[in-house]
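Below, chain A partners chain B and then partners chain C, in two separate complexes.
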Partner chain A sequence: MKPNEIDEQLKRALRRCEPPEGFADRVLARVEREASRTTSRSVWTVWRWPFLRWAPIAALIVIAVTGISYQVHERQQEAEARAAKQQVMLALRITGSKLRVAKQKVKSVEAGKVENKL
Partner chain B sequence: MVFSIALRFVRDRSVAEELAQDVFLKLYRELPRLESPEHVKFWLRRVTSHRALDYIRGAHRRAELALDDVPEPTVAGKHNDPLMERSLRKLVSSLPDQARAVIVLRYQEDMEPQEIAEVLGIPAATVKSRLRRSLALLRGKVQRLVGEPIR
Partner chain C sequence: MKQFGIALLVIVISAMGARAQDFKMPVNLDRLAAKASETTEVTLNGRMLKLAQKFMNDEDDAEARELIKNLKGIYVRSFQFDSVGAYSDADLEAVRSQLKSPAWEKVVNVRSKTDGQNAEIYFKGDNPDRIDGLVIIAADPRELTVVHIDGPLDPSNIEKLGGQFGVPRVEAHPKSKPAKAGAQ
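So, the complex of A and B:
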């Protein structure tokens, strides 16, 4: 036997073995299963993020607050409009009564002038 | 490479395939963290070796192997002596787990002791001493087998 012959014989004896037929397909199938499971799991993982979990609730609160604020604003405007209407009516009533008084005064003045002429 | 390392470590084709599939599945998960083809190769050898050694430690089965259980290479080598190669494979299979791991990585994967040390996570000196002891053991057994001294 030559020196280091056992090294060479071991290298030859321990050549790599090929995997069984279909091995690559089976690995790919497992990887695909893993990939699909990871995708569905990642959706749930995203849902577990605190921000995203509370986002719909926060949106509902914002919508409710906005709606209530709008209603309050609308009611305030209605109340202001009613008050303005009442003030206008009052002003008109006052104006009407003052016009009547002025008219009566004009009539009485005109009647006095006629008597003086006679 | 992966299947072959697993097969020589665990000496069972179905277990080796299962282990190799696990390793590739793990590779798929870890791929973004691996930086180069060399890194992938190192990673595959390391993970396969550790998985196979873990399996062996867990299995606790050291039954004497029949000759047919010893994995045969699929490609014939040049100037080969089929009987000697078969005997050597059987002798390697009968080595203790850690010694077999070192021999397989040295002669199947053609790795240097330093690389084997990095893959197995043991000191290079330990790898060298295991190689020396294993080779001495194999030489002795081959010598008894063929009836003449071998270096």
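So, the complex of A and C:
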């Protein structure tokens, strides 16, 4: 093939020609359609992930379990504290009564000594 | 190096000394529970005392709350027996052996031959304004009680202790001479 022939072919191939009627509108319409389809598909795809689908339910369960555990813990601690308080009062009562016994004994002995001296 | 060794030895000895001052309820006392018709056991460590304080908000609890505020523990073992001679003096030896001078001082020692009611009170520490611990041994022919209050107690609190909780007040005189009383 001669160089002139190549030039001619290129000129023919690259010559300016008008697009068919309505081409630009069709292209724009298709672009718009494709864009909207991509967006809806991506949201749907994300929603179809099992993790995300169950996430709100899981979050609710976690919140509920945490709340219940906290309440149970609080109640247990309250019961423990009440029992501890009772134990404290019992221990102090016993201690007080034993101190009183010791005091009475000391007093009676001292009284006895005074009587002996008299 | 030698100085370091001596310093270490001093630290170890002081630590051992401090540990030796600590009183622990002897295990053999708990064995008496098997012979007892009634047993009262109170074991309250520092954590439990703090927990109890949370629910001592009533006006009636104010003094008890103040009393236990700085305590490290309260321990009570009390046994009531159906028969005389269910326990012996040897059972108390493990208690008394821990209450040695200079850490502990016996401030009351009552031994009665008439009714067999014996009482011993020991204070810990040598600060006249503060008692670092209290042990009471109250022994009747049919009852034995050991009380250990661990932690700082104001002498006035001991007075309160005797006066509150449904029993009359007792006058406490820390560091006073032991009242070696009674028909010993």
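The working rule: the second predicted complex is superposed on the first by the 93 of 118 C-alpha atoms of A that agree within 3 Å, B and C clash if a C-alpha of one lies under 4 Å from a C-alpha of the other, contacts with A are read in each partner's own complex, and residues count from 1 in each chain.
Simple rule for what comes next: a contact is a pair of C-beta atoms (placed from the backbone, for glycine too) under 8 Å apart; a residue touches a chain by one contact, two chains touch by 3 or more.
Note that the coordinates shown come from a computational prediction; the quantities given were computed from them, not determined experimentally.
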Practice task
For A:R26, select first, second, both or neither according to whether it touches chain B, chain C, the two together, or no partner.
Solution key: first
Task: Pick one for A:I57: touches chain B only (first), chain C only (second), both, or neither.
output: neither
Given the touch rule stated above, what does A:E80 touch, chain B (first), chain C (second), both, or neither?
second
Legend entry - Partner chain in contact with A:E34 - chain B first, chain C second, else both or neither: first
- Message: In the overlaid three-chain picture, which partner chain does A:D7 touch, first (chain B) or second (chain C), both, or neither?
- Response: first
Q. Given the touch rule stated above, what does A:V88 touch, chain B (first), chain C (second), both, or neither?
A. second
- Query: First (chain B), second (chain C), both or neither: which does A:C17 touch?
  - Reply: first
So the chain A residues that chain B and chain C both touch are none
Chain B contacts chain A in the complex at 1-4, 7-8, 13, 17, 20-21, 24-25, 28-29, 71-75, 77, 79-81, 84-86, 88-89, 92, 103-104, 106-108, 110, 135, 138-139, 142, 148-151
Seen from chain A, its contact residues with chain B in the complex are 1-7, 9-20, 23, 26-27, 30-31, 34-35
Residue set of chain A touching chain C in the complex reads 77-78, 80-82, 84-85, 87-103, 105-106, 109-110
Chain C residues touching chain A in their complex are 40, 42, 44, 48-49, 51-52, 54-56, 61, 64, 67-68, 74-76, 78, 108, 110, 112, 117, 119, 121, 134, 136, 138, 145, 147, 149, 158, 161-168, 170-172, 179, 181-182
